[in-house]
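Note that chain A is present in both complexes that follow, paired respectively with chain B and with chain C.
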Partner chain A sequence: MERVLRDKKAIALFVLPALCIFVGVIFVPIVWTLIYSLFSGMPGVNFTYYGIQNYIDMFSNKQTVNAIAVNWKYIAIVTPCQVGFGLLAALMVHYSVRKYKTLARTLIFIPTVLPAVAVAQMFIKMYALTPNYGLFNSILDKLGLQSLIQAWLGYSDTSFAALCLMDVWTAVGFYTVIIYGALVDIPDEIIEAARIDGANSFGLFRRILLPMLKTMITTCFVFSFTGTIKMFESATALTKGGPGQATTSMTMNMYQNAFKFNEFGYGSAIAVIILLQCLLVTLIINKVGKERY
Partner chain B sequence: MKRFLSLLVAVALLVSLATVTASAEDKFQSHKIKLLSIWDETDPTSNGYILNELAKQYAETVQGFELDYEYVDITEIDQKVTTLMASNDLPELCIYESGVRLKTVIESGQILDLDKALTDLGVRDYVDSGAASLLIGLVDGVGLYDLPLGLNVEGFWYNKAVFEAAGLDPNSPPKTWDELMAACEAIKATGIAPIVQGGADQWPMTRVLNAYLVRSVGLDAVKNAMDGTAKWTDDNYVAAAQMFQDMATKGYFAAGMNTIDYTTAVNMVMSGQAGMQYNGSWVTSNLTSEANLAGENGIGYFNVPLANDSSTLDDYSMNCGNIMMLSSAKYDAAVADFLKYLVTHIGDYAMTNQKSFKGYKIDNMPTDLPVYTQIVGNALSTAKGAFLWFEAKMDSETSTIAQNNIALLYTGEMTAMQYMQALQDSTDKNMK
Partner chain C sequence: MVRKKGVLTVIGKILIVLFLFIEIYPIFWILMSSFKSSAEFTLTPSYALPQGIYYQNYIDAWNRGRMNTYFVNSVIVTFISLALIMVLSSTSAFALTKMKWKNRGARSPCS
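Presenting the complex of A and B:
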């Protein structure tokens, strides 16, 4: 077996099929999209060479610029919240909720397995104002806070906040489970030793747990970022990108341009920009994750 | 000799048998035909149901025929058709939207000239002339490349009980815009929302803006703005957007209307939680159902009220709803035969089973039509002029901007001038 694993030809033989599929499914579409981004119009109808003009047009296209801003605002709020609350929930489940650990983990994880459209429909009803108050407005009504009762999905700022809340609630369970798995791997002796040395809870977290969870937290940030930069189905299902363009992301703008406005080339250019942002931020997260501790 | 004659007869028989067989093979062989649709074929109030049922009836008479019904959500049909067009693989039958989008498909050369096809089949006059005229007008006169699946009038549908409770005469609905505003004020005073639209779906709100725009500026208001004869930022256009915003500010629209979906809005009018709704005659399928708490004669209809003398109450907003187009590449004898069956049967089937007009000749008009269907029939028969919906003549991007921003106009996050300026910027960009 060792001889086989040292043999480069054998290695190539084992790796080749998966590599072919990976190249075919990942790299070929990327190259194809890059080529499409140099064209304007719709393939098969009016596809003409346009050079890099699509990329230049992006800077002057108000809808695209707005979509980029909305997307980054969403990433800046949702990613830290998803991972942060996931970490808090994992710590709570592992160190505080001893008796009902399994039940707590299950309840926290349930939103993660729900379909995005179903969750959105549920939240639409929860945020409702007319004809009947949804959950949030009902609670405000009961608390005597009638001045805060409103159509949460009807205004730009509140609809954005509503979307962020829904997406954090949906994804926290996923990161809780991942970080909990890493917490379980930390030997109890280390924690006991730190306590004996006089570490309080915050000190324990800061100097023992955080460094040991560094790799997992970095991975969670990468997962969360790749999810938030592709913001699409939850926003489409909850607000359809509105009101106005308050919750329209880059992928939604890309979809609109490619399939509604019949500008495949421009849509492809947006896709390339999304890819570059993904690569850049992933590199930064990995670098920061390595340097910090 | 006898032998020779027997041989001759045998050869003659063989030749005639071959001829008969050849004739039988000349008649078309039917096959599976695909229909890409936006309607759930199990919903008895939908066009999908009608098409599916007619296909079943046709299949009983023609061997080998099968309808391959594929449902796509209405929000995805654009993407689906665009993708299929790119690979020149439109299905035999496809539901789509008339207007600018259909014109793009026509220009690609991938869909059938139905004027010619129906004429060749001898059934051209089964398509209602008014419906055909509307469809041809929507593609700037290029020709008839689509089939109607509705012949709708639009206007205000109102709950008569709500009108009575507000002290309004339910048998004398508003005829002018000022009367409409007065009615809104009266209904608002009773604590009921005067007007509710399915704002979450965006297009129901732009319909209200269009209603005032057309009556105040003229029937060709949108067309003129799109072809440069007028500008969206002209004072009278901005005034129409301002009117919409003022109605919102005065509380004439239901609270949070831009978050209410279409179905909820219709139910609110039927149940008396709102007084009026701008809608099309396709809503009669809801009004004739048991879900209508207002009952058989509880909902009334009035045409869009007048704002000045630029039009009359004989001018109605009319449309044919979503249409059907046929792939020219896949059009063969089998498809032609099914097309002929469809066109000659759909008018009667829709009227008998759904009590609705689809834009086709009706040979056997039922005598027991519901009140709501009679209302629509009266409007269709009295209409002398027609105007289109807001987005009808807009390109895709301008249409998207118009619908996206209407929610901001409603909430006041965008001024009337900003709304119209956004439309003008998009029109300038896309019409050059």
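Presenting the complex of A and C:
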């Protein structure tokens, strides 16, 4: 058995295909992008060495700066909401629902499995003002709040909020299920012991549940962050980055520069900056998550 | 777990029902809207239930909207990628966890 498990050929056969695809699809493009980011123009057309000028140009490009600001605002709102509501819902499912736990969990999870484009189409219909009121406007109409009826996707503030709402709505089920899974694993004896020691609900949450869920919550933050920094398909499908540039994210700006304006080098430079932000913040989240408190 | 039925539990119950409603109602709404003819969709308020099941929408989507082609495309992509994922990831996971070789313990930087 030992000899079989040390068989070099078998290991190579098992690992190499996956490794080749992984390297070919992940590492080669990253290195490629790094090299591209030092050039300007389009490969094969007007590709010239540009040095780090692409990175310097980024600061003076209003659209890119705006995209970074929009993206970080989006992350600052959506990530805490996704994980926070996920945690809240998981606690409620675990402690408040007695009979229909599985049903509640399944229902909460449903939005997660829907494709982003379908969800966006649904929300467009819900936010609609013309040709007839969508769900939001008709409910407002029924409630007598006619002054609030508006084209939700037509103004920069409301369309940004509408996008945030949609993404929180979609993803919250995923984090609920993950945190619920961790919550179920906490042994009942610990909670009972804390109760006997006189812990109230808040103390129980603060001193027992939170520390025990910390690893999972950290993972959730990493998932949520890496999902929100890549903000692309939901915004593209809901608002196409508009009105104006109000919901244009970094990846959408990168896409515009690389494939619409044919500035491949500049697009690659934005991609490198996104990658760096992603790595840096993931490291910070993990560092904070490992701290004792 | 033994637990008194306190105020917190009741609040939790109300909140979870509200939460479920928010998560499910849009899907229910779009499903109901799919059964409305376009005249009915325009004339009645959005939250109204359909007056009857108008399944012509589904026939139109399948034929005129060319969902038949798109559906086949999705099935092909899903099956090929699923087969590759299953074969490649199970073999490499086995090699990484059960088989013995140098340097297999290198961890991913993100975990």
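Convention: the second predicted complex is superposed on the first by the 267 of 293 C-alpha atoms of A that agree within 3 Å, B and C clash if a C-alpha of one lies under 4 Å from a C-alpha of the other, contacts with A are read in each partner's own complex, and residues count from 1 in each chain.
Methods note: a contact is a pair of C-beta atoms (placed from the backbone, for glycine too) under 8 Å apart; a residue touches a chain by one contact, two chains touch by 3 or more.
In this text the structure is predicted, and so the values were computed from the model without any measurement.
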| item | value |
| --- | --- |
| Contacts of A:Phe27 with chain B and chain C, given as first, second, both or neither | neither |
| First, second, both or neither for A:Gln256, with chain B first and chain C second | first |
| First (chain B), second (chain C), both or neither touched by A:Pro131 | both |
| Comparing the two partners chain B and chain C, which touches a greater set of residues in chain A | C |
| Partner chain(s) touched by A:Ala10 [first = chain B, second = chain C, both, neither] | second |
| First, second, both or neither for A:Gly242, with chain B first and chain C second | first |
| Contacts on chain A seen with chain B and repeated with chain C across the two complexes | 131 |
| Of all residues in chain B, those that touch chain A in their complex | 78-79, 82-83, 85-88, 104, 107-108, 193, 196, 200, 202, 254-260, 264, 268, 273, 395-397, 400-401, 404-405, 407-408, 411, 413-414 |
| Chain B contact footprint on chain A (complex, rising order) | 42-45, 63, 124, 127-131, 150-156, 240-245, 248, 255-256, 258-262, 264 |
| Complex contact set, residues of chain C against chain A | 1-3, 6, 8-9, 12-13, 15-16, 19-20, 22-24, 26-27, 29-30, 33, 41-43, 45-47, 88-89, 91-92, 94-96, 98-101, 109-110 |
| Interface residues, chain A side, partner chain C - complex | 2, 5-8, 10-11, 13-15, 17-19, 21, 85, 88-89, 91-93, 95-97, 104, 107-108, 110-111, 114, 122-123, 125-126, 131-135, 137-139, 141-142, 169, 172-173, 188, 191-192, 201, 222, 279, 282, 286 |
